[in-house]
Amino acid sequence: MSEWDSADMMNVAAARELKNGDVCLVGVGPPNLAANLARRTHAPACRLVYESGAIDAKPRRLPLSIGDDDLAATATAVVSVPEMFNFWVGAGRIDVGFLGAAQIDRYGNINTTVIGDHKDPTIRLPGAGGAPEIASAAKRVIVIVKQSRRTFVEQVDFVTSVGYGPTGNERQAPGAGPTLVITDHGVLEPDPDTNELTLTRLHPGITVDQARQATGWDLKVADSIEDVPPPTATELTELHRLRDREPADG
Amino acid sequence: MSEWDSADMMNVAAARELKNGDVCLVGVGPPNLAANLARRTHAPACRLVYESGAIDAKPRRLPLSIGDDDLAATATAVVSVPEMFNFWVGAGRIDVGFLGAAQIDRYGNINTTVIGDHKDPTIRLPGAGGAPEIASAAKRVIVIVKQSRRTFVEQVDFVTSVGYGPTGNERQAPGAGPTLVITDHGVLEPDPDTNELTLTRLHPGITVDQARQATGWDLKVADSIEDVPPPTATELTELHRLRDREPADG
Amino acid sequence: MPSPTPAHLNPLADAIAEHVHDGDTVALEGFTHLIPFAAAHEIARQGRRHLTLVRMTPDLVYDQLIGLGVADELVFSYGGNPGVGSLHRLRDAVEKHWPHQLAVREHSHAGLANAYVAGAARLPFAVLRGYRGTDLEEQRDIISSVTCPFTGEELAAVKAINPDVTVIHAQLADREGNVMLWGITGVQREAVLAADRAIVTVEEVVDEFPERTGAVILPNWVLSAVCVVPNGAWPSYAAGYSVRDNDFYQRWDAIARDRTAFLTWASENNLPTDNTSPAEDTLSGANASPAESSLTAENDTKEPADV
Amino acid sequence: MPSPTPAHLNPLADAIAEHVHDGDTVALEGFTHLIPFAAAHEIARQGRRHLTLVRMTPDLVYDQLIGLGVADELVFSYGGNPGVGSLHRLRDAVEKHWPHQLAVREHSHAGLANAYVAGAARLPFAVLRGYRGTDLEEQRDIISSVTCPFTGEELAAVKAINPDVTVIHAQLADREGNVMLWGITGVQREAVLAADRAIVTVEEVVDEFPERTGAVILPNWVLSAVCVVPNGAWPSYAAGYSVRDNDFYQRWDAIARDRTAFLTWASENNLPTDNTSPAEDTLSGANASPAESSLTAENDTKEPADV
């Protein structure tokens, strides 16, 4: 039960950022795991919103897609997709939005569209989904992404979702932008002056040098780095139960 | 049962214009009476839509307002008011829209807003309601209004709903505009070339001269005038039953 | 934006005192059905002044508030007593400035509904195909036009409405303060989501919501207060709980026609008025009937069930 | 505009033959839930070509149609196999032009949802706050901007989408051909109302609709055809009738990764393909597994009821 890897640590660290009462827009993958973990541990009253239309979903097991019937069946309300984006996401009612990334640059700009040219790509990625509006309108945006030189790049091939713009100063959206980037190495936060992503926390056993090695630009590092506490036994238990699609413990 | 007055004739003549299968947007007053009369007589399959959101309402008694519970309870679907105007009225899904008028001019432009100046009116009328969009988007617009020099005026004090514009040529809306004006004297139709309202039919016992006397401009009269047949016994029976708020006969 | 605090079940007087302030822009919505009369009367009872009142159909509820001197401005789209006639207090305020002048901004139903829609989406305006060629367009501060960047077509634009507070009546709340309404739901969802604060009066509190086709559910975290006020929509109605008191809508015509009758009605119902003399210019006093103590009357006009 | 004729209960093959033509713009909607797979397969079986396929989430349903050579163009907002990975047929068409080149226009979810909303309202465009600073804006023919005439704020505009035909799956029709769906209802209402013609497959026909909170009801006169196709959403699901066949979504990954496996699957399910050799360039053939005859398989992965 006490074994965990860097991906577990990433999900646990993301879960810890959710506060009780937060309205959280949840996507597939790590965000889904993190948000449900938070709800099963320290933030039972955080409110899960899925872009499929489910508001205040209380999934009994980890949903396998954002359109699982369990989400609709346990939600306080289910709304249409246009209403979700117009009246809930776009209107700024989301406290925390989680995003993934195929590529991210030092100013938090995100690519999930293509590697290569948009008209003739080397790799066609899934595309935008709800990310551009979450990036634009959520009060806090948390990016969850494994750190590597392939992902943390000098320049993204395509801007799908805007962070702070090409030079860090172009953001005009109503939300605050990416407030945290949580990786399998640690946590990056935008510099208060320049918005450049800065390493501020390290996961247990990871060094600054390893984080630098996994970054495709000259990584800015905070003067004092916090150590992220390792996953607790409770966090690990619930993480495993979620992955095994078991209901909450107790 | 065979007694009737000019107001009855007006309502009966309006009801006759509804065809089986027509989608009809119904407002309070004479339109409500006419549409429900049509449904109880020759057009049982006409579809009544109320701007309150009721689609395919099948009221068992004459509704006293467009928001009666009987409309919602008998409708195929009830939608929100924004959806009604955006997806149903504005989108052009209404075959027939009925309108009333406090003032109407020779080009079918309608005032239901004020007598006098808008900022300091002599008489404050109810205002626009759903009329401007019905006038704009319905495939056929039927105006039901008692004819008098007070109502049929050279120039309306305020254009609430557009007919064919100030000189008859300014209409740019997607619907056809006022195709019929049904009064207590007869029926007026726009001239095919000029769009000027032209007397084309007379109710029983009404003369052209009477219609001219009740018109505040030099009334154009068709070369050959049709005689409107008087109300049938069935029409009168159902009209009285509707007014008495009785359910349909049989 | 609404406070993220979950809504509580509150006494109505407390909710109005906390959330409705002098000078606020206030929307009381409900399209014929579920009109929040009890909340309106509480606003009047607490003596609120200088409100901008927003509502698609002012109906009796705003006729009363306007006559009581609560409003400086009215934003609306259809101001009649449906099936009866004029709203005489509204007319008296506009035509004769009694009890004081009332500024008016008016839309079509489509325009005002879309102004709420834009407000709920926190967009500055909404687009619709309408208004062209009408004199309503002269209200340039709320109605303008935009050009489609793809087709070049010119369309109407209406300015978003974001009330300081929206008040609605609904059938049900659950124990957590989530709210459910059904039947004709009008523009209530949009009006609530467009507001900074939202107050809901409900018929009753239940453990669990029933299945209701066409129901609107509002989560507690977009609501500021939920108040249990049975029959809080009277003389309007709440589907499943009451029927519309059509007789009162008829009787109101006589009360509202005459300033004296209106002031008597206000006094009998403990609704404060400005110290305005009714004598100077009564609108159509000739056929006014004496006021009836109708506000507090029971809903005595239930129609026979007809299902 | 849809024909005013009431919808009939039709065989699916007839409805597709009558209403879906080569070269049409076709939207098959359903957000994870109620995806009209059976109708998609019928479109493929009838050999339709040169379609512009519109769908927020292409999902397996468009991965299949794209691999079968049905589409010339794809309009979408998120093209993944949710929780599993890539849509390999979509990628093969875009990256390697197999079986032929696929033109792509893409939105965000908000943009595409609003493009349907504008289409349903028969407006030429919709306004939203989004896209600014993204490279998606480079698609100027579908994404542009407008300036608010009241505040001067610049906002995004998306061009309306009006499919020639929209196809959805729903739980119920009544005997008159009105349709009811509930659960996650996605963008189906808007996609149907935006289309010239609409086809609905349903689980069953009932005398009367039940009460269902959150249900969407579509009157028969906006529908061109209603077809009874039980389990017509498999391997997606219909709330109250089936659960999502998550195993098939997993298995599809192996089928779709490999052109040979895909062609075998198509052949086994009588779905015509273009005469394209799979040999020339297989995307990631290394870990491809043999095709399973999954299309016609029973939904064998019902999960235990968990209420």
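Going by the order they are written in, the chains are A, B, C and D; count residues from 1 in each one.
Definition applied: a contact is a pair of C-beta atoms (placed from the backbone, for glycine too) under 8 Å apart; a residue touches a chain by one contact, two chains touch by 3 or more.
Heads up on the chains, UniProt names are A, B = Glutaconate CoA-transferase subunit B; C, D = Glutaconate CoA-transferase subunit A.
Since the structure is predicted, the reported quantities are computational estimates derived from the model, not experimental observations.
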item: Chains touching both chain A and chain C, listed by label; value: D
item: Chain pair with more C-beta contacts, B-C versus B-D; value: B-C
item: Separation of chain C from chain D, taking each centre as the mean of its C-alpha atoms, in whole Å; value: 41
item: Centre-to-centre distance between chain C and chain B (centres being mean Cα positions), rounded to whole Å; value: 28
item: CA centroid of chain A to CA centroid of chain B, Å; value: 57
item: Where chain B touches two or more other chains, by residue; value: 77, 86, 90, 174
item: Multi-chain contact sites of chain D, meaning residues that touch two or more partners; value: 117, 121-123, 128-129, 189-190, 214, 217
item: All touching chain pairs, where touch follows the definition stated at the start; value: A-C, A-D, B-C, B-D, C-D
item: Chain C-facing residues of chain A, complex; value: 21, 23, 47, 55-56, 76-77, 86-87, 90-93, 95, 174
item: Residues of chain C defined as touching chain D within the complex; value: 121-129, 141, 144-151, 153, 155, 157, 159, 180, 209-215, 217
item: Parts of chain D lying in touch with chain B, wherever the complex brings them together; value: 1, 4, 117, 120-123, 178, 189-190, 193, 217-219, 221-222
item: Interfacial residue positions of chain D with respect to chain A in the complex; value: 31-33, 56-57, 76-80, 82-83, 86-87, 90-91, 94-95, 106-111, 113-114, 116-117, 128-136, 138, 183-187, 189-190, 214, 216, 237, 239, 243-244, 246, 306-307
item: Chain D contact footprint on chain A (complex, rising order); value: 28-29, 51-54, 60-61, 64-73, 77-78, 80-82, 85-86, 89-90, 113, 118, 121-124, 126-133, 136-137, 158-162, 165, 170-174
